[in-house]
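Each structure below is given as structure tokens.
Each of the next two complexes has chain A plus one other chain: chain B in the first, chain C in the second.
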Partner chain A sequence: MNKNALFYLALLTGLLFLAQSLLNDYYQRVLAVVFINIILTVSLNLTNGFAGDFSLGHAAFMSIGAYLSAILTLPPASKATLMPQLPTWLGQLELPFVVATILGGLLAASVAAVVGVPVLRLRGHYLAVATLGLMVIVRVVAINWTTITRGAKGINGLPAFTNLWWVFGWAVVTVYVIWRLVNSPYGRAMMAIREDATAAAARGVNVTAHRMLAFCVGAFFAGIAGALWGHLITAITPHSFSFLITFNVVVMLVVGGMGSISGSIVGATVMTLVPEFLRRVETSLSLGGHPLYGLSQIIIAVTITLVMIFRRRGLLGGREVQLPSLFDRRRAAPRARIETTG
Partner chain B sequence: MFSLPYVAQQVVNGLTLGSIYALVAIGLTIVYGILRLINFAHGDLLMVGAYLALALLLNTALPLGAAVLLPMIIVGGVGVLVERLAYRPLRGAPEVAMLITSLAVSSVIQNGTIMTLSAQPRAFRLPQDLIAQNRVGVVSFSTLDAVSVAMAVGLMALLTLFVTRTRVGIAMRACAENLRAARLMGININQVIAYAFAIGSALAAAAGFMWAGRFGSIEPFMGFLPGLKAFVAAVIGGIGSIPGAMLGGYLLGFSEIFFVGFLPPELSGYRDAFVFTLLLLVLLVRPRGLLSTGAEREG
Partner chain C sequence: MSVTATEPAYLLEVDGLSKAFKGLLAVHDYHVRLSEGEILGIIGPNGAGKTTVFNLITGVLAPTQGRIRFQGYDIVGRPPHEIARMGIARTFQNIRLFRALSVLENVMLGLQMHTHVGLGETILSLPGFRERERRLAEEAMHLLELFDLAGMWSNQAQSLSFGHQRRLEIATALATRPTLLLLDEPAAGMNPSEKEELMTLITHIHKEFNLTIILIEHDMRVIMGICQRIQTLNYGEIIAEGTPAEIQANPHVIEAYLGHSHAVGAVLQRA
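For the complex of A and B:
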């Protein structure tokens, strides 16, 4: 890592300290959700933006990560009352949060590897619907596998381990790993596949292996995000990870611009804060005594439609924002222009 | 357990459910055939149809036929409107752009319903003589089941006549085969696409009435699963093909009912998972479906 990146990392860390001491619980929670959404969006970008496979399975992988990590971090005492039918070794297991999170991510990635074998033979629309089907399958399993998941009741009373530092740390790891991956031969192969799979294959790129890599790494970080989310909200049910979550992450990705990591960060931040603000407006707003629930989701949906019509490639249009270089003037790259209107 | 009456009963159930899937799948398949768009908002039009039917049943003294027909007309209009506002500006855009837009349209319709009517489920009560059970020989079925199947078959027969005998219908098939060539032959593709949306949405509204009558309650998210399953049905039959959608709808209806009816009851909770596993199998073994049009592009 160069000096520049370290400087910005230190700056962000300082800001986070400031945020932690100045902001009240509500704003800290919103900030935590921003970071979780950054993890989700950046990881979905690897599959959808760089490898070009339009997956809608992120909620499924989140769900897997959240459930496994929840079972691993719950103290044995609460497991004995909540899930008495758990196998004894699992019932007595209590792992540190970070281990449970990583295992949740790994399980999500393994499921992606197994499901990827049939699903990644598809492209385009078929892949989108098959991954959406995966979400339905995961939900049905979570509802019916009651010995492990408590069925529709869900698991509550998760230890509230998730704080700003965990989500920030994982967001940094996610951005760093995906950045390095995208700017490696693997990433270039993925982009070649996105542009033209046949041409890439003709050039000797192993198309299936690279698509699989993108799918599994994306799923890994979705699992991580699910684990973080579960330990933030402290309760998970099969319906927590619904189509709505997938849709919102896709919106963040598309608004920021597919194929741009900084775009994903911008998109996730904007599309978390704006709806959160609107939701507060929504609860206080009413039309002739009639509450306007759902208004914020409608505004999000209309926004995305307008983005699709007028600025199809998102705010950053696949480019990256370059932060100003502070230490090495010679190599300072010109900053990318951010356009806000079509 | 597997006595003849039981099996016959399952066949009747499969036929009813299959009729619903077939009607929804037709709408998806004709739109996909022309635009290569998976219209995720299609299931939500089914929901709108069900709400309209309930409103008419509760608030007016209209005959039942009107409570089915009026929503079909209105929802058909809504479908055309959605196409005009959301999809037409995207003509020629990448497939993913249209896919995302249809997700957004779906969200707008669902949340619009929540905003105006609340997210609470509502009971969908039908007149007593429709729910009454009839016994013919060994099987029993409600009048609604019989009406649903008859209506579905009738609508499909009408649709078949439409696409084989009328100018617009023939133009529609031409567009599904090759949109560019059809346009070069002087076909007004915007008109054809509007017809496709109107017909598909009207059929979805009819299916919405049957679905709501079958399950007895309606809520703003009710369209998601039937919409998704109908897509599975369309893929099984060969997406883009109208007979394929009908075949796929009935095949899916039968296999879902048989899965629940003939396997151990512990498994019945997994029926939705089974449907999507079936989709994966079909896509692996015969990615173009059973009655492929052959016009499916790679990509």
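For the complex of A and C:
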């Protein structure tokens, strides 16, 4: 990594220290959700924005990651009371949080690989609907596989392992991995497929393999985000990961701009903070004695509509923003020139 | 070009190739023997099945019947990307580029199938990976210079003019380092001077890259100018085959190609 990236990483780390010591629990939690949403949006961008497969399966993969990691991190004592029917080896198992998270991601990716075989035969709207079906399947399994998942009751009392550092660390890993992938022959092939799959194949690109790769990497990080989310809220049910989550992530992605990693970061941040802020506003405002519940949703809906009308390609329009460079003088030069002439 | 007496095998052998779409027989009993270094032209009215032949050879469509052998290997049933990797590259009738990618990236995409990079070294951005990317970009720039497109390497492919897009498409096809190049109406929509340039370009790359070429073209000047042998297709069947002179004189061709034999004769004579 170059000096510049390290500088910004250090800056963010410092800010995070500050946030940890200054912000109360509520704001820290909101910040954690911002980072989880960044993981979700950036990873969905790989599938939807770069490879061009409009997947709506993110909630399903989150659910898989959350359930597996929950079962793996719960202390054997709580598992004995919560899930007495668990196979003994699983009941005895207690893994460190980071291992459980990675395994959650890997299981989500494996499910994506299996599901991908039939689903990736489809494109466009058909693919979107099929991945939506996956969410329903995962939910039905979670409700009915009671020995493992406790069914509709869900699993509660998860150890609250998720803190700002975990979510920040995973968000950095997600952004880094996907940024590297996108700026490599793999990413070039994915974007070529998005632009024209027939032409990509005619230039030697294995279309199915690259779509599968994007789908599985996206699912992996969704699984990670699910694990982090579960250990933040400390309770998961089959209904935790509903269409609403998928919808929110898609909105973050579209508002930020598909095919732009920085766009996803901006989209996720804005679309997490603004609704949270508006929620507080609507309880403090009132019209004729009635609090204005639902106002935030209306404002968000209008905002999305406006973005779609005036900036259809998202806030960043599919481009990447570069943070000002502090070390590379060559790149910094044009900026300096603008400043002196302006 | 490099066909030696000890190696009499053809580069491409197609036999009894047919393709039916539901009831319609788009291609019927198409056959060809292509030696290394040849330039074959395919002409015929719209809907004669010319592009379908290309789609069958490149694996985009599966034939209903028939055999296609390339460099001695049976390629029927292989996926398009494998056929491309074996050395068959094509351009499309309605230019197909990766529109939102840069000119350079379009060419790099064609080149990259020859260098394998692992997922691990990509994500860790190891020196070996960076070195290969750098070499890929260099090679792509070299190819762009040859096509007079180097100056616009960072532009989006879709921002290029029509003529430049055609040239870029041929460049991306050549980037795959093909043995056999299939050009689908490369002169379509070009003015006479652009066509002239294109003919020079095709003749040039034919020599420079040791190519064997099949050229689908409507423009008689282009096709008569650069092809050694011409096949005429009509309603999916070969109705004539021969040298440009033979084709020009063939009454079947004259009748099929434009219908009115006198008018056509005049057109072909002028060409």
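Operating definition for what follows: the second predicted complex is superposed on the first by the 316 of 342 C-alpha atoms of A that agree within 3 Å, B and C clash if a C-alpha of one lies under 4 Å from a C-alpha of the other, contacts with A are read in each partner's own complex, and residues count from 1 in each chain.
Simple rule for what comes next: a contact is a pair of C-beta atoms (placed from the backbone, for glycine too) under 8 Å apart; a residue touches a chain by one contact, two chains touch by 3 or more.
Predicted model only: the values in this text are computed from it and were never measured.
> Clash or fit: how do chain B and chain C relate after the overlay on chain A?
fit
> After the fit on chain A, how big is the angle at chain A between chain B and chain C, using C-alpha centres and going to the nearest 10 degrees?
80
> Just to be sure I read the superposition right, which of the two partners does A:Asn206 touch: chain B = first, chain C = second, or both, or neither?
The second partner, chain C, only.
> A:Tyr126 in the overlay: touching chain B, chain C, both, or neither? Say first, second, both or neither.
First partner only.
> Quick check for you: in the superposed arrangement, does A:Ile300 touch first (chain B), second (chain C), both or neither?
first
> Based on the superposed arrangement, let me know which partner A:Leu323 touches: chain B (first), chain C (second), both, or neither?
neither
> So in the superposed three-chain picture, is A:Val136 touching just chain B, just chain C, both, or none of them (first/second/both/neither)?
first
> If you tally the residues of chain A touched by each partner, is the higher count for chain B or for chain C?
B
> Once chain A of both complexes is superposed, is A:Asn144 in touch with chain B (first), chain C (second), both, or neither?
First partner only.
> With both complexes overlaid on chain A, what's the closest CA-to-CA approach of chain B to chain C, in Å?
12
> Which residues of chain C touch chain A in their complex?
On the chain C side, the touching residues are 58, 60, 79-81, 84-85, 89-90, 92, 96-101, 105, 108-110, 112-113, 115, 117, 119, 122-125, 129, 133, 136, 172-173, 175-176.
> Once bound in the complex, which stretches of chain A touch chain B?
So the residues of chain A in touch with chain B come to 54, 118-119, 121-126, 128-130, 132-134, 136-137, 140-141, 143-144, 243-244, 247, 250-251, 254, 292-295, 297-298, 300-302, 304-305, 308-309, 312.
> For the complex, which residues does chain B have touching chain A?
Where chain B meets chain A, its residues are 32, 36, 38, 86, 89-90, 93-97, 99-101, 103-105, 107-108, 110-112, 114-115, 118-119, 224-225, 228, 231-232, 235, 269-273, 275-277, 279-280, 283-284, 287, 298-299.
> If you look only at chain A, which of its residues touch chain C in the complex?
Those in contact with chain C are residues 176-177, 180-181, 184-186, 188-189, 191-192, 194-196, 198-207, 213, 259, 318.
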